Amino acid sequence: MERRDFLKISAAAGATAALEGCGNPDHQLIRFVPEEDLIPGLATWKPSICTLCPAGCGLSVRVMPGDAEVVRKGQLGLLKMGLAKKLEGNPAHPINRGKLCPRGQAGLQVTYHPDRLKGPLVRTGRRGSGQFREVSWDDAIQQLVSHLSDLQESKSEGRLAFVTAPLRGQRKMIIDTFAASFKRSMAVEFAFFDDSVIRSANAASFGHALPPTVDMGESNYVISFGADFLGTWNSPVAQSLGFGQMRKGRPGERGKFVQFEPRISQTGASADEWIPVEPGAEGMLALSLAHVIIAEKQRPAAAAGHAGSLVEGWSQGLTDFAPEKIAAQIGVKPETIRRIAREAAAHDPAVALIGDAAVAHTNGLFNALAVNALNALLGSVGKPGGVLFGPVPAAKQPAASLESWAAQVNSGAAAVEVLLLYNANPVFAAPAVWGVHAALDKIPFIASFGSFIDETSALADLILPDHSALESWLEDTPVSGSGKVVVSVAPPTMNPLHNTRAMPDVLLEVAHRLGGESAKALPWKTYDEAIQASFAALYKEMGSKTAKDAEEFWKKAQEQGGWWSAEESRVTPVSGSSAGAAVKNSAPRFDGNPSEYPYYFLPFASQLFYDGSLAHLPWMQEAPDPLSTVMWGAWVEINPRTAEKLAIKQGDLVEVASPHGKLEAPALVTPGIAPDVIAMPVGQGHENFTRYATGRGANPISILSSATVEGTGSLAWAATRVTLSSVGQGKLILFGGSLSENPPELKHR
Amino acid sequence: MVVLGWVLKEKGLPAQRADGSPQAASSDVFTPAHPTIADAIREFFDLRPKPVQPIAYTHKVHLGNGMQCTDCHVGVDQGPDARIPSVNFCMTCHQVIATDKPEIRKLAAYRARGEDIPWQRVYGFEPSAHVKFNHAPHIRAGVDCSVCHGDMRQQTVAERKVDHTMGFCIACHQQKNAPLDCVTCHF
Amino acid sequence: MARQWGMAIDLDRCTGCEACVVACHAENNISTVGEEQAAIGRAKHWIRVERYYEGEFPDVTVKFMPVLCQQCDAAPCEPVCPTFASYHTSEGLNGQVYNRCIGTRYCANACPYTVRFFNFYNPIWEKPLQLQLNPDVSIRSVGTMEKCMFCVQRIKAGEIQAAAEKHELRDGEIQPACVQSCPTRAMVFGDLSDPESEVSRWAGSSRATKLLGELGTRPKVTYLQRDSWHGSEDA
């Protein structure tokens, strides 16, 4: 019998550490003197910030005293300390107003994860062998300093590269400033799901390189082109609050919601009408709706202003997009297009959204511009019930995309000496064809600030583990989700459990030890000093009705979780950049010829794992996926007719092959997907990411082509075609039963 | 029978891990399972060994000197638990009071080592009773500490003088018209 | 009149996001059973999101329904328990008294909603995940049933706090974890015996239904059926 099985049945055969029942202090771990003044059993609530997706929701954290096993001066013992026990939305925070999504709820498991790195590590074996030894912080920082000072002094072409997730606020400022203090350094931001296409489109159409904030609570008609706005897209909690309000929050009124997408997403499942559309045809569909509205004189073409003028043929009424002309190409019936267009025009305020796969085709930018023009035509831009843009300064575009960076390293065009990694796992989350792994192999020294070993940090030579978010000073400036100006800030909710250090503090110390340019550019000793300085500047700029000086302003901001403006400001869109000629209609192009690769491949963000960065949390592995109820695994969604044609039954192991690779996962047969589309959640398929996620399922990103979105260069992750075949028996763990309330197998009763 | 015999022989984790490093003082999982069969049997019969206190703290002396229960047992009127103070709290007085006594020397030694005193629980419910006792409503209702804990002014080293059987609690609840619903305490 | 706790869930707002599912795990010390046990149906989701598909491609609709213990006033699980571990509390909940439970599982057998979960093994938390555990909620051991009790620990704490502050409990002051987290505000909790409470008002809606009400269980969760758009009439 396995030890684990024995444990589960009755007695744990184990030492009796910390077991009060035995009553003898000699059999117990020693107890350290508490470092905080705590009353057992009493909870305090502290503000914090959720960092698990770009929305930037505010948290309220319940902190209670508890006994933690910690190491002090090399000795293991018990320490009574404040422990975060439960996360809730911060009721005062303008983005999420007291509510929280399932991923936010699971954030606790990041702090208490058994595989969290407990202190700095230095590689001992071959790179990637997983062999590390513990070192002190002083040694670790000194190692990093020595590699970086070599870089600053060397006359070679060697450079510093810093690869991170897209960042905001003071954290981004510190990283950017640090990197910039090295000549020819490369700051690269990467996330598989990013909003660069939408930002480019909004910059062109409306003059704001920002994702939209949707005032859905006041809308009467919402059309979404593929955006999973209730699940994973943009600011899901803020959008969900608006959705609830739109549906049933206004007595006597109920808005309508239509979702156009080839596979029913979790959001599409809540639509009044889910209408499938050919992949990549979303822009044409939007223009067809616009054509009907203009042709039937519901709105004048000129109402779309500059956003309309960006679309070729707009002022002539988009006659090429008459429903009958394009219905077959886009897969939507002409009478449906006409009806939806009439309904939207007649039910003001009407608003359109686009996101996810619809902007991840090669014509994604065109699709987004088309939807922007439709919005402008409907009159929803900058108006209640429509889209508005938060009064936030838009982020500067990062210097290099990860794809071009990897290409430069691989070709030798950029000789990177030192690579710093923070909050990014590109070996997992970037397509294999980008060659990120090979690029890392070429770099002599890699240091990671990550809290876990993952596919990318496993290749590091030095690991300087960051605190978990709940143990850190946090600040954020959300870019969407509220019409108010929001600057969040929160002190740590609890002391660190392990021998970790806040990444910005480590960078500041490295800069200080390096001296020279780096030290000059980063004068603060700690991260919270830098945040406080930014709040002093904020106070000067904004003033305050309730705080009499910068000191009090800072104190109050920490108590409530940030500062936000009292009023919402609806920024009027200005005419965007007149970027040359209007963007032509472009049909999407797909990688893989249709005869060999008959199906469109559609990866989608998982409600639980997001982009795979949360697959290591056991609550997320065991929570059933909302539409499929799958637990602890990955799956491939197939239409029933397609499954029958290919002799694939539910649960069969299928091989999905693209021109760039193949993977295997069990089949899930579902009516909510077009017959020529295959869909797969992103998030599983980790080769090395803690005990809960390693070796589980398959990673759809690994077989994607490197096709890009025209006009932005970002990855067109919906542009790959695949073929499909059954290869055996798979394992599908479902929590739910039949898909249907009236399963056919019960009908004979 | 073979399984039973095997089960009874299981003693504990080996002293060394596979790579030769010493076993950590505690196991790597948290579970309500009992550490040994013997422990499970003891809990079933509510046989608790007499706790061995690291320092011979005497309530008699401190209460005799005019201290109140809540001077040390902070929080008993605010929440479920009565705090046992940390060594720092004791030393606020004992860095000057009775510093020559051997027990006080032990106290100072703990503080010097950065260790807190490992007080052993005297009153408490077995985990399998699933009781969530909350001090605060009782204190607010005017229940004196001695009702449940005995007259501490007569005690030197703390001992369990009152048996907290369910009957003990129910009798008082019935008398005082306090809630008798099971989920009042068991949840 | 004594409080009668109840809940109402508006299916026109619910988006199936499962914030309620994860919030419940976090609040109530529900252990993760792992892949093998989940595969044989032993995952313990005290609240779950049911989803039903209707129609064939391309005319597909999906319905979500969060299902949790209905705290039935005529609960089928109560008469079958030999030890009165499953009983009806004075405030209308179906209580599960862990220390009485001897693990016959008759209650789960009787429950038509499949909302009762058995601990086939002692739960395990790989350290230090156990530091997240809520001290206000029991840790159940092997051989006991567990299920939703409308976060009775929050109800108790709220009642004690209100008594200490000497005021009446306000409607909406106590929220179970699921209700608190729901991003669309689809769930409401309160006192059904108070006709002015929000839950009573929602329960009086024309869309109000009861899940499997025809079985006579008298559940205390009211589901407001998804509405349809009426705008086409006034286009």
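Lettered A, B and C in written order, each chain numbered from 1.
The rule is short, and it goes like this: a contact is a pair of C-beta atoms (placed from the backbone, for glycine too) under 8 Å apart; a residue touches a chain by one contact, two chains touch by 3 or more.
Predicted model only: the values in this text are computed from it and were never measured.
Q: Which chain has its C-alpha centroid at the greatest distance from the C-alpha centroid of chain A?
A: If we average the C-alpha coordinates per chain, B ends up farthest from chain A.
Q: Between B-C and A-B, which chain pair is linked by more C-beta pairs in contact?
A: A-B
Q: Just how far, in Å, is the C-alpha centre of chain C from the one of chain A?
A: Chain A and chain C have C-alpha centres separated by 30 Å.
Q: Averaged over CA atoms, how far is the centre of chain B from the centre of chain C? Could you give it in whole Å?
A: The mean C-alpha positions of chain B and chain C differ by 34 Å.
Q: Taking each chain's centre as its mean C-alpha position, how far apart are chain A and chain B in Å?
A: 46
Q: What parts of chain B, by residue number, touch at least two of the other chains?
A: 26, 28-29, 31, 33, 80, in rising order.
Q: If a residue has to touch 2 or more other chains to count, which residues of chain A qualify?
A: If we look for residues of chain A contacting two or more partner chains, we find 7-8, 10, 12, 41, 69, 114.
Q: Which residue numbers or ranges of chain C touch two or more of the other chains?
A: Each of 122, 124, 126-127, 129-130, 135, 142 in chain C touches at least two other chains.
Q: For the complex, give me every residue of chain A touching chain C.
A: Touching chain C from chain A are residues 4, 7-10, 12, 41, 64, 66, 68-69, 83-89, 96, 98-102, 104-106, 108-109, 111-114, 220-221, 230-231, 236-237, 240-241, 243-245, 247-249, 254-256, 264, 266-270, 272, 274-276, 342-343, 346-347, 497, 607-608, 618-624, 626-627, 629, 631-633, 639-641, 670-675, 691, 731, 733, 735-736, 739-741.
Q: Going by the contact rule set out above, which residues of chain C touch chain B in the complex?
A: Within the complex, chain C contacts chain B at residues 87, 89-91, 93, 95, 97-100, 122-127, 129-130, 135-142, 149, 152-153, 156, 160, 163-164.
Q: Of all residues in chain B, which touch chain C in the complex?
A: 26, 28-33, 80, 127-132, 134, 136-137, 140, 179, 181-184, 186-187
Q: So in the complex, which bits of chain A are touching chain B?
A: Residues 6-8, 10-26, 28-34, 38-42, 69, 72-73, 76-77, 80, 114 of chain A touch chain B in their complex.
Q: For chain B, which residues are in contact with chain A within the complex?
A: Interface residues on the chain B side: 7, 10-13, 23-29, 31, 33-37, 39-40, 42-43, 48-52, 54, 74-75, 78-81, 83, 86-88, 111, 114-118, 120-121, 124, 126.
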